[in-house]
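Take a look at these structures.
In the two complexes below, chain A is the common chain; its partner is chain B in one and chain C in the other.
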Partner chain A sequence: MSRRTLPDSVRTTHGSKAPWLALAGGILFLVSGMLSWSYDDRILGDLSIRFYPAGIQLYAMLFGVIGVILAVLLLRRPAWLSPARGLRILGTTGIVFVVWVIASIAYQSGGLINANEGGWVALVGAVLLTAGGHLSPEVDIDVRRWPRLSSTLEIVIIVVLMAILLFTVAYTLDIEDGVIFAAFLIALIGLAGGLLGTGFGDYLGFIGANNRRPLLLAAFLVAFLFPFTQDGSDANMSIATQVLIFAATALGLNIVVGLAGLLDLGYIAFLGTGAYVAAMLSSSGFATVGWKPPFVVVMLIGAATAATFGLIIGSPTLRVSGDYLAIVTLGFGEIFRLAMFNLDGNNGPDLTNGPNGIPAIPDLELLGFDFGEVHTVAGIPLGRFSNYYFILLLLLMFVMLVFTRLNNSRIGRGWVAIREDERAAEAMGVNVFGLKLLAFSVGAFLAGLAGTIKAHQDTSVSPDQYVFLESAFLLAAVVLGGMGTVVGVLVGATILKLLPEKLREVNDYRLLVFGLLLVVMMRFRPEGLVPSKRRQLEFHGEDEELSELLQAEHLQTEHLKPEQLEPEPLQGAK
Partner chain B sequence: MTVTDTPTTDREAGRVTVLQASNVTMRFGGLTAVDDVSMTVHEGEIVGLIGPNGAGKTTFFNCLTGMYIPTEGRVELGGELLPPKPLKVVRAGMARTFQNIRLFANMTALENVMVGRYCRTSAMALTSILRGPKFRREEEATRERAQELLDYVGLGRSGELLARNMPYGDQRRLEIARALATDPQILLLDEPTAGMNPRETEETMQLIFKIRDSGLAVVVIEHDMRFIFALCDRVLCLVRGSLLIEGSPGEVQSDHRVIEAYIGGDDEEETA
Partner chain C sequence: MDAFAQQLVNGLTLGSLYALIAVGYTVVYGIVQLINFAHGEIFMIGAFGALSTWLIFFDGNLALWVLPLMILGAVIASVTTAVLMERIAYRPLRHAPRLAPLITAIGISIFLQEAVRLFYDEVPFFDFPDAKQRVPFPQIEVVTGPAFQLGNVTIQRSALFTIGCLVMCSAGLWYFVNRTRTGKGMQAVSQDPDTARLMGINVDRIIVVAFAVGATLAAVAGVAQGLQVTNINFRMGFLAGLKAFTAAVLGGIGNVWGAVVGGLTLGLVEAMAVQFIPGTFGGSPWKDVWAFALLIIVLVFRPQGILGAKVVDRA
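Let's turn to the complex of A and B:
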């Protein structure tokens, strides 16, 4: 949203009060942590006792700490930081946080009367923080002018941040209570946003961009170390494997949707193809094919079958565009499900056992490594789900590799060109049909690959796992996270898979909630949570801030432009 | 370039024919947009295509570049019949720009030109994923060539700018660079100076001369008469889909029918 939320006149007359408002807000937040939030002591980890802060009260106090820090910064008016932006984020999320907690207290204890003074004090604090942020003058910051650290120090920062990330994730997942979990997530967004919004976030992005390889390595190291924080517990690992498989599939879909710009509403069918192939070729007693090749071969067959299906439905349908393609793929998804439902021997060959599916698929065994067993590494037991977590992590890395490398190549440029202007792309010699078909079949290949692992991890396949809703969820992850980006899809997939698992109360309404979420997203941030630069421009072409920035860059180069055309021979034109 | 035929009947015998369009007719239902138009373009020649609005110039261009398949007639490029698909036409060596600029707005100038190299490069999915030395070489060569072409049209320092943020005149020149990136034998420019100020028009003229001197054939659609008569070796005037006159700029300029077609004369078709 626009940064000009207030008229400048209001800012000039009341701007001097802003730091004091923010300071008061921060202090109120701190105080609220020491007060009672709830009359009922059985809910949300007991928020009823004064001067003895429990989880949620501690989070509120953290809001206070950051609020006070930002207010003090605001008083000192640094030219290189923008505490106002941080305060706005902190305050706004603070309001959401407090409202969520108060609403939960009222809901769980049967009335708003049970919400005690702490929450209301915190609410006032949050409003004051927000007001302080909005009243403060905007500081234009350019992190590129910040001092450069030595590259070793930058890498150390990355590693430390990644370690913090690892422990935060482990801590977050250990929160059992859904309401507290959501409250912590909101607090996390507010606190991190408040600190990073001041300009540190941009600076970290700048550091990250300068150290891509260490960043990537550290991120994977963190992901790899995650099972070791779980102490043999399978509860979180089970969710984590689901997130990973969902993320890997969604990222494959992002090649089709985000890079090539083709709307595929039946993508789950390709995942299903891989899963069914793996199930049929597995050593399950219900498997319908007698041949039992090693799993690596199964993976290739599954992926190749999915890619073939992709080619088969792609070659006639990719000539139609836009909405029509969506309808055709939607139909294909349903055809797949019905075919799996009916290939039970009564109608056609018995391949899938019909609605019963193929159960009792044994665990994977690769190179003598049994995925069903508990392995103990460095004294930490790693259970079945941890084993699958590792192989899925490898899969995700592979999909990411395919995604980024295709994106940054001749093919990726062709895809962007097709998205931008299909006719112009064709007139410039881009093989539009071929590239669309390629995107379609690469996406199908990756989904098929994921499916073969999924079959073993789920231990069964059945038609009802591959309904349209799953395709819609995959698409939602892509749209929510950001079309055409890797990180965005990872974020989107995590949100869509993790939240329903943790928020059991919301689970019944999850379709409603996700629907609302998507509508809100489309209104306020159509480019997704972590958008690619290009997508952002596509959606906000008229955005002043963005074009101002580019204008400045442009003017710099304009000065340097030669006045006259320099005649040069056109070399190698033939 | 291979010399496949040198028509001796032509006035400019001895020069290599690049493009030969014979009796091209394009009908949309009952409307005949292009009616029996023939055109021959030689190597190193600039041919102008003029005519009032709605005369069928752009439609004729679209017939040449495979965007439309002509109802009748044939188009030959370097003696070979042109395949009726834009993609294959580009590969065969004909590139074009658009009347309404059709750049890839959210790509940088350099990327736009690199897209033009698409049909002259070959890295496919597996090569792109494996990133062997061949891929890197090709990518590097693509980038270098694109930068070279940006320099060539005078946009050497604008490579990192998004196409959408470039000034109008630069966008027109970028479109030419993108078209040149496909290594064409013949370049079709659809109103390359529309909306330009006199200085930019002059620069564009110099650029087209430069392209011509490097051995390419150029066909230009333009409304700016001063520009077209100063630029072209030969001018064709289309009126209501059919060829009114073909000749040297001087001949066309002095032909009363051309003037009539433009300023109206007895015609009910008022054009501005």
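Let's turn to the complex of A and C:
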């Protein structure tokens, strides 16, 4: 997978200069933090004062620190580390970072004239870093040969990293200014990429793979602790709950699209089914059904109704080619929206109040715990959205559990077989139709489940929440993150929900960028940001290195697990 | 009986519009097995292309001779967009897994809608209206104006124009597919692209032509829609595209005449559903639901469509 952008001859002749170039780049970045970036002191948290770095200038200095570290590492030419890769990532993101900041300064203060020397110095620094990274020799490293740490130490590393993650997330969400927020995100990608790209990332992945359970536990602990960092403020928690609902739904869609390879363009209808069922059975004054069962029953009814719709819509269409399914589900999504819009008593029975929807859905109350009230835990007040955040986190965990357990089972392997080649799968005895139907209804069930909570959290349901665009967004989360993976979808869902919330300045262009993003992703990285290796191979079939790597890993994981080894009585003496 | 005749006229008009757009889906699908989901947007771009032509050259002039030039403008806009789309977005993905082009198509569709919504009034040098709301479409003389009365049946002039467009376009399409070299090349490629390539047919060119043919008909449909509804908006392509795709499947996707038959059938079903389905599930609020329900029913009982698809699934 190593992409060599320069011919080897250039590297050999100029390779010795690379560390010095990188060092100069790093120092320039450090210096730029001390300089003035903008003439206008009213924008971006005042970047106009020299020798007093603020926000963005500090991020630039961090680029410098890591650049210098990598350059020094490069000088010492370690055989086990690859600073070149880190430098390339650092330098390239550095360029993006500086260009973004300078462009924002020019845009916000009315002209490029207002960008002061700091930005330009940093730009030169970023270019030098990139050049250094490209000129220095590539070191082929294998992190599996790195010294093994004791498992306690490995777990400590995981916990520390998770704690850092928690505080970074809390810090990131605290940034109010959209431009600074984006700048910080870019810087974060560059800094983390610069450090991890050297081989530490692979190593951490290796550690993580060896300690899956502690990693998962730590990740959920961090997620549970997140509301406590918010000091009772509901602003970020409201975004976080939206992200969670979106992620849980997208993960359900990932079963359908990512595992079974069935394109569902009307998935939002299943979420809507759950939400409408919950609204109709709630004790809202506008609810249209007299029966008020407890919420657990409502959840089951909502999910079961969605799954039934899934069966109804799936059974005729799953027999025909995949393209038809995409359009039929799209049609079903529209039918759902129109039906919810129409069922107001004038056209058909009064179930949904038509375009007005069902407002004033009361907050949940489970086991005497009122989700609408502020609870104080350990001196930190947790507001309404925090309460929903916890239950949604449980839901997400449940969905993840279903996803991973199914994925690693006979059913999951059947789905993958169908996705790769339906006819071959059928010939091998896979029950294609049954498994497709199962994928479709499990996906619908999970979405329905999420919908029932969403109705209470939003306090209202209306048809315009469940339009095609929402389905497209869900699909985009799956595609952007990486089809068939859990982490990818979480990343994709977070990006797609968080960025529009924070980048209010460019909110009008949100959809335009989104459409463009889909096209560009499919063109250049169709496997997503966090791809599953198998999927990656599917899109890059000609990459032999990758396929060999995958095969080696497959052999390692599948055949070296002691419990999976066949007992061999003939060699029992050994 | 009057009600039936009236709905027959309405259904044929609506169906003609669907048929014109559906041809674009079916031609492209027949050749590259790609659902060009963004085709509805090509239809929308056609309508805006016609409006722009009128605003630039003939602002205020409603004479009939302007209409062909408007259609020409619409066709240029649509074909340019479609060809660029094929070249930039679809061609690099030709051998990618099937999910990839479909997702690209959704992306293009959203991108084109948003581009028109955000930037139509910001086109430099011209004073175009804001496309965030509905934009009035010029009502050309002769093809709009007082309706004809045939007994108790009302026939709008724009309805006649739409049906006329379908007749003329079908004739042109028939001539193109069956009598020209390129048309015969298209038939060959849709039967077997590899053999066609061996026979010396430039398959890439044929694919571009297929996109262009679809875009031409969609552009005509865009003008017809503008005349009929009297206004256009950036969202008009979505539902029309979806319905037209339904029509294409209904007739048998990949079969050009299937698209025409399917379009007319779908239009008639919708119109009749408005009139003749009794009780509260009838009437225009439910007509789209019936159209999509028809799609599902067809897929259950006759997945190859009314006329039968000429191409089989080559996945």
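Quick note on the criterion: the second predicted complex is superposed on the first by the 542 of 574 C-alpha atoms of A that agree within 3 Å, B and C clash if a C-alpha of one lies under 4 Å from a C-alpha of the other, contacts with A are read in each partner's own complex, and residues count from 1 in each chain.
Please note the rule applied: a contact is a pair of C-beta atoms (placed from the backbone, for glycine too) under 8 Å apart; a residue touches a chain by one contact, two chains touch by 3 or more.
Note that the structure is predicted; figures quoted are calculated from it, not measured.
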In the overlay, answer first, second, both or neither for which of chain B and chain C A:V10 touches.
neither
Contacts of A:Y509 with chain B and chain C, given as first, second, both or neither:
second
For A:V156, using the defined touch cut-off, is the partner it touches chain B, chain C, both, or neither? Pick first, second, both or neither.
neither
Chain B versus chain C as contact partner of A:E334, first or second or both or neither:
second
Just to be sure I read the superposition right, which of the two partners does A:I313 touch: chain B = first, chain C = second, or both, or neither?
second
In the superposed arrangement, which partner chain does A:R405 touch: chain B (first), chain C (second), both, or neither?
first
Which partner chains sit in contact with A:V296 here, chain B, chain C, both or neither? Use first/second/both/neither.
neither
Please work out whether A:V416 is in contact with chain B alone, chain C alone, both, or neither, and reply first, second, both or neither.
first
Could you look at A:N431 and tell me whether it touches chain B, chain C, both or neither (first, second, both, neither)?
first
By the touch definition above, which chain A residues appear in both interfaces, chain B in one complex and chain C in the other?
538
Which of the residues in chain B end up touching chain A in this complex?
1, 65, 67, 86-87, 90-91, 95-96, 98, 102-107, 111, 114-121, 123-125, 128-129, 131, 135, 138-139, 142, 145, 148, 151-154, 157-158, 160-162, 164-166, 178-183, 185, 203, 206-207, 210-211, 214-216
Over in the complex, which chain A residues touch chain C? Could you list them?
257, 261, 263, 265, 313, 316-317, 319-324, 326-328, 330-332, 334-335, 338-339, 341-342, 346-349, 422, 468-469, 472, 475-476, 479, 483, 508-509, 511-512, 514-519, 522-523, 526, 538-539
Tell me, which parts of chain A touch chain B in their complex?
401-402, 405-406, 409-414, 416-417, 420-421, 423-432, 438, 442, 534, 537-538, 541, 547, 550-551, 553-554, 557, 560-562, 565-574
Would you pull the chain C residues touching chain A in the complex into a rising list?
33, 35, 89, 92-93, 96-104, 106-115, 118, 238-239, 242, 245-246, 249, 280-281, 283, 285-286, 288-289, 292-293, 295-296, 299-300, 303, 313, 315
